[in-house]
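Before we start, here is the structure in question, set down as structure tokens.
Letters A, B, C, D, E and F name the chains as they come in the text, with residue numbers starting at 1 for each one.
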Amino acid sequence: MVYDTIGASPVAWAGKPYPAVRSVAERDGSVAVVPVGSLEQHGHHLPTATDTILADAVATTAAERVADGMPILVTPPLWTGHSPHHTPFGGTVTLDGGRLLALLEDTAGSVLGEGFDGLLLLNGHGGNGALVSSATSTIGSTHRDAEILGVTYFDLGAERIGEIRESDRGGAGHAGEIETSMIAHLRPELVDMDAAEGRPWESPYDRTRDDLSHPGPLAAYADFDAFSDTGAVGNPELATAEKGERFFEVFVDEVGDVLERLHEQAG
Amino acid sequence: MVYDTIGASPVAWAGKPYPAVRSVAERDGSVAVVPVGSLEQHGHHLPTATDTILADAVATTAAERVADGMPILVTPPLWTGHSPHHTPFGGTVTLDGGRLLALLEDTAGSVLGEGFDGLLLLNGHGGNGALVSSATSTIGSTHRDAEILGVTYFDLGAERIGEIRESDRGGAGHAGEIETSMIAHLRPELVDMDAAEGRPWESPYDRTRDDLSHPGPLAAYADFDAFSDTGAVGNPELATAEKGERFFEVFVDEVGDVLERLHEQAG
Amino acid sequence: MVYDTIGASPVAWAGKPYPAVRSVAERDGSVAVVPVGSLEQHGHHLPTATDTILADAVATTAAERVADGMPILVTPPLWTGHSPHHTPFGGTVTLDGGRLLALLEDTAGSVLGEGFDGLLLLNGHGGNGALVSSATSTIGSTHRDAEILGVTYFDLGAERIGEIRESDRGGAGHAGEIETSMIAHLRPELVDMDAAEGRPWESPYDRTRDDLSHPGPLAAYADFDAFSDTGAVGNPELATAEKGERFFEVFVDEVGDVLERLHEQAG
Amino acid sequence: MVYDTIGASPVAWAGKPYPAVRSVAERDGSVAVVPVGSLEQHGHHLPTATDTILADAVATTAAERVADGMPILVTPPLWTGHSPHHTPFGGTVTLDGGRLLALLEDTAGSVLGEGFDGLLLLNGHGGNGALVSSATSTIGSTHRDAEILGVTYFDLGAERIGEIRESDRGGAGHAGEIETSMIAHLRPELVDMDAAEGRPWESPYDRTRDDLSHPGPLAAYADFDAFSDTGAVGNPELATAEKGERFFEVFVDEVGDVLERLHEQAG
Amino acid sequence: MVYDTIGASPVAWAGKPYPAVRSVAERDGSVAVVPVGSLEQHGHHLPTATDTILADAVATTAAERVADGMPILVTPPLWTGHSPHHTPFGGTVTLDGGRLLALLEDTAGSVLGEGFDGLLLLNGHGGNGALVSSATSTIGSTHRDAEILGVTYFDLGAERIGEIRESDRGGAGHAGEIETSMIAHLRPELVDMDAAEGRPWESPYDRTRDDLSHPGPLAAYADFDAFSDTGAVGNPELATAEKGERFFEVFVDEVGDVLERLHEQAG
Amino acid sequence: MVYDTIGASPVAWAGKPYPAVRSVAERDGSVAVVPVGSLEQHGHHLPTATDTILADAVATTAAERVADGMPILVTPPLWTGHSPHHTPFGGTVTLDGGRLLALLEDTAGSVLGEGFDGLLLLNGHGGNGALVSSATSTIGSTHRDAEILGVTYFDLGAERIGEIRESDRGGAGHAGEIETSMIAHLRPELVDMDAAEGRPWESPYDRTRDDLSHPGPLAAYADFDAFSDTGAVGNPELATAEKGERFFEVFVDEVGDVLERLHEQAG
């Protein structure tokens, strides 16, 4: 038995022969999306590829929804993220910052070389966020005739997410209510709700991110075992597939909106 | 609709929570496999992710077959290969040689840091072959207590493949009889047999590789449009899903054998 | 009083002989601050070193205020920032992203090698923000026994700033009301208020930063001449030295608070 | 008068708005000067920024003196030098050789991109000397239409310096008579003459530099604590502000002469 | 006659003044050869420069033989190879993989910049083989108007070599029958036949190279002391100068044939 | 007698089997010498490898002379120097500065890893001088238990050389009286005295090197065709083999003296 659906979506670059890729790239205002994830611990209850699965799913679904109105393709997800803070637990593959920056720049350079007019780096891992932003700047300044965006999907739609979630601020931490719910919705066979144990997000600094939906201005390095002995932070036990679907729809909708504006600008 | 089975196999690192990854890594003689593919033109009839799909499928299936007898996991496939010679066609994402070498080294370093005793880089793209071999040497010399192997799957089992194929030497070129047959077996929805048009592999040098099953000692750079206006070389029109299954079984068997020896050595 | 002559402040590393530096570094909970600025166009009315002057002044003044309670030193400011988006105007010196990341990592590594227990990278330029955050992660993960923070000063204290400013959202853009006011307070001889002409910050994307005090989740590359023909964005004409002093005090206060917590954690 | 507040001098790039920088750059034979210093131990009596202060002061004052006759600007000083040999003492921030070389090349590339016709890298630290020369070659060969010079200021005017100094050869070592006198002249508040204790410069090799004014052909690596337990070498106790002024005038005069020839050649 | 004094051969770039180099480079179909060797242990009986001597001799002699019919020059040999697996013995200088790749690329770029139409990287060390192939790809894809080849000389002419050798498969290992015979032919004063002691090549993997004339598809890292306590593998004791001449002639002939085809293609 | 066949000298690392290299390295105060040359134009009358031949000959002969009193070996010469200023003529292979610096560091690191106590980088090309000095510092600071020196041989013995030469200052320029005489002595078959035409060394700067024996403090980049249409500078026509022998003896003697002191220090 082979488990593998690389390239199954109608917007997947991977599944198309090259003439089909080229014909999309050559259309006016064409857009490529590169999902960026990680392979890292997500508690005892979520798979290590959680960020990659979610970035890929949000990117692909959002692209499918807007594909009627614009030429768009999604590459396979980059799963080698920057996760040094998770290495104390195990299960983690990580690149150092400079290497990930270079990988993003090189991948983007090659994608743009195909003729796409716009590019979105869609990130699903907090630890990659600053590097994706940095890459956006470098890519943009070396490809000035293309339109370049970068975003971490869960930084979008905070207000709408707030209306769905049940946990208080902090409950939607790493492998917490939001991520667990969405994996329960999208890949229920990969969640072990019995093993879902989060810990409260207690930081000595009150200006850092303290929830997936609440970023903060202060970057503070900490190995993740300082926050949680299980690797999960927040309230994964509140997760449900039903909420997962609603969270997912918000993010897909927000990213879809970004894609539409990107298409307009890139045209 | 979301198309995505990252982590679906029982040997997939991606689908497991970290305690499960760690428990495999810690067993004696544990083995990790990193599939290495590409995203590049494969003629008018095969998807751009052909090499990634095949490397992933061979690696995963081989690992599943031997998993009873050894602790083993497979990471997601690296799909950013080295394919400058395919860029004249389109549909191609490529890293330069030094960057891919570094990506392989960094990924391997992180995998081995988890405690695996053995590592196999399983490559599915000819253009990556030398870099995977080079990486094997660098990784091996900087992780001397682990056992490191690298191989391009279609360099294995040449004799058994020869008994199955119908084309003459040269017919199993890039996107030719072998690759097309295997995609027809594994992912039939991604093949367009009506568009399968190969061209004969005519090289000015008689010492270069001239068939997937016939490597040669001479490395000669050539943009691929020098060989074929369709991007395919050899006889894809001879491909069948039935032969694809047989080719696939040979490669899975050969890689399984390599994995068993790797496990013994790593123990 | 603001000290920006090299080594003039009582907390300046630069002005002390080495035994004095070492004796600070060796005390429990010792903290080093590295200001990070830029040399780039700031409209017709502000000096190119605006970001460097402000990062240096905020860092140094904040450190002086807390120096009674903790061992602390401030290095000279790094003035080679990442500003490719400002090069269309002139007056700009810029490093690419990977180089600035490496410079921050190397500088921090050397500073920490002196024995400091905590480090704050205090940034004063928006274009450096993501790189400073990225550097915080790399530095933190390679110096796990030290406490590492990174922040862009104007991302702090948004509410208090809002009570002082007169412009609407967007008025405190690049070289706008806030920066102009603070330079008018700290270095009045370097401001030419007659030449202060900002342009409204009009972005096609509603999720990007649109004011010094309003960051957004979306990174979008754009050469700055797309926003303003003068190089300034917002309402610099509303700037006054009196407001500049009040803005400055807010930022100094916020950074001082971060330093105190850093000292506690590093102890 | 020496200006070392950021941007205070009339020739300081840092203190000017971009239109003023550009208008200098665009004039015929325009020249930019980049001072290169260090942050490193200079005995018990001199500040760690000694080399940066002196390179900046010599560059700025020389440029001011010739500014009537040529378009010229001085950037802020680079203070992250190459000082591994001083790390045993403390107080030192150092970049490795390749990194400093790259920083010099990148900074110069950006400066020249503004349109300057000539560039002088003016170095104030012995440990940077070879790297500044190396950078001159790389920069020159990649910007063949500009005129590129590099020099360590104290390698100029040896004969005239010899007429002023009181110490014998060796007395003007690191933090010795010359550097101490000039800091006493320029920044008297930063010198502690009571703590000025040099040690004789005794090298096992008679072909190495053995005085600021006596370079030698042989490069020999030695940690500086092999020469001096105080970190200072030579006769700092002979230093006076009066001699400092005379030393400084010689160097300013020599550098001014270099700048005038550079302007002629760059025109 | 073999010329291995620097510049002594009539086809040696090194021995010619630049006008003579340029005049060769400018002719139609001009070819440059860069020999690539190593400095590494070759048992108790062969010199550490064995691979460099042999690559240089094969390249130079082959080029001399074809020089009547084509414009051709040979650079001095690069002797800094990739040999981490030999370091346990001593006598070895090695570059890591990325550095050697870069050195090959840079050297080739400079050679091609002189105007040569074709380039052959002629390798004499197994540990360099994959890197030379990788470099061929990178060089080729960045110099698309030149013809680029790479080969390890002993991968050529396997059948003809088989008719000469006396040892069984495995007997022509590292410092075995073939290399020893050729050094005995070319530089007899550097061989100590009394010290020639090989060990059988016993690999746990049956798909790796197990003889100079029998490459395999599997790359497996192993420190060489796992194979042999003397550093030599196979049957060096069977070596004779007479066979060495015959081996050498086969390789020279094969490489000469490659050069002729390269010239035709490059024209 | 000068040995420049690979491995021919009794002090040549290249010609020895590894046990002999190791036994030298392990003796107390052992010294390794790495000659560093170039492959670049040297006028119409000297071979492109002039600097490599001379650095190798000086290093090897000096080492042979002192080998009775100390354990010493010489590696083959590195011939890929830094010569961008000579590329306008042809015949030149050049590495950029950072690459050569890295090659020197890596080579030295590997040499020192064999157990040598001291290292001399002996340079024969002006364009490499600063990079060799830079490398000395980096190597020294990362191998603090070894003794590291770097020198350009013609910077030694200026006074004694002055007594031999007939040309005035400037006559011993690039490919001038000194280099031509020494090649005429060591490799007479490679000199074409009829083609020896130098041009006067006229620099707009009076502080740069203006003769092989007269270095200057100022680094000024200039393509070499600004100095000479033949590529040679000075008075090669005054060269004789007899003077060449005398020049050579001075340099060998000076380097021998450096080696003896190095051995004492390294012991």
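Here is the rule we go by: contacts are C-beta pairs under 8 Å (C-beta built on N, C-alpha and C of every residue); 3 or more make two chains touch, one makes a residue touch a chain.
Chain by chain, the UniProt names read as follows: A, B, C, D, E, F = Creatininase family protein.
Note that the structure is a prediction, hence the values are computed from the model and not measured.
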Both-way neighbours, i.e. chains that touch chain C (Creatininase family protein) and touch chain B (Creatininase family protein): A
Graph distance between chain C (Creatininase family protein) and chain D (Creatininase family protein), where chains that touch are linked: 1
Chain pair equivalent in interface to C-D, over half of contacts matched, among B-E, A-B or A-C: A-B
Turning angle required so that chain C (Creatininase family protein) lies on chain E (Creatininase family protein), C-alpha fit (0 to 180°, nearest 5): 180
Centre-to-centre distance between chain F (Creatininase family protein) and chain D (Creatininase family protein) (centres being mean Cα positions), rounded to whole Å: 29
Where chain A (Creatininase family protein) and chain D (Creatininase family protein) are represented by their mean Cα positions, the distance between them in whole Å: 48
Chain E (Creatininase family protein), residues touching no fewer than two other chains: 87, 96, 102
Touch-based graph of the chains, sorted into line, ring, star, complete or other: ring
Ring order of chains, beginning at chain A (Creatininase family protein) and proceeding to chain B (Creatininase family protein): A, B, E, F, D, C
In the complex with chain A (Creatininase family protein), residue positions of chain B (Creatininase family protein) that touch it: 1-9, 12-22, 25, 39-49, 52-53, 56-57, 60-61, 64, 75-80, 87, 89-96, 99, 102-103, 106-107, 110-111, 113-115, 186-187, 190, 192, 195, 231
Residues on chain E (Creatininase family protein) engaged by chain B (Creatininase family protein) in the complex (per definition of touch): 82, 84-85, 87, 96-98, 101-102, 105, 127, 129-141, 144, 147-152, 155-156, 204-205, 207, 215, 217-223, 258, 261, 264-265
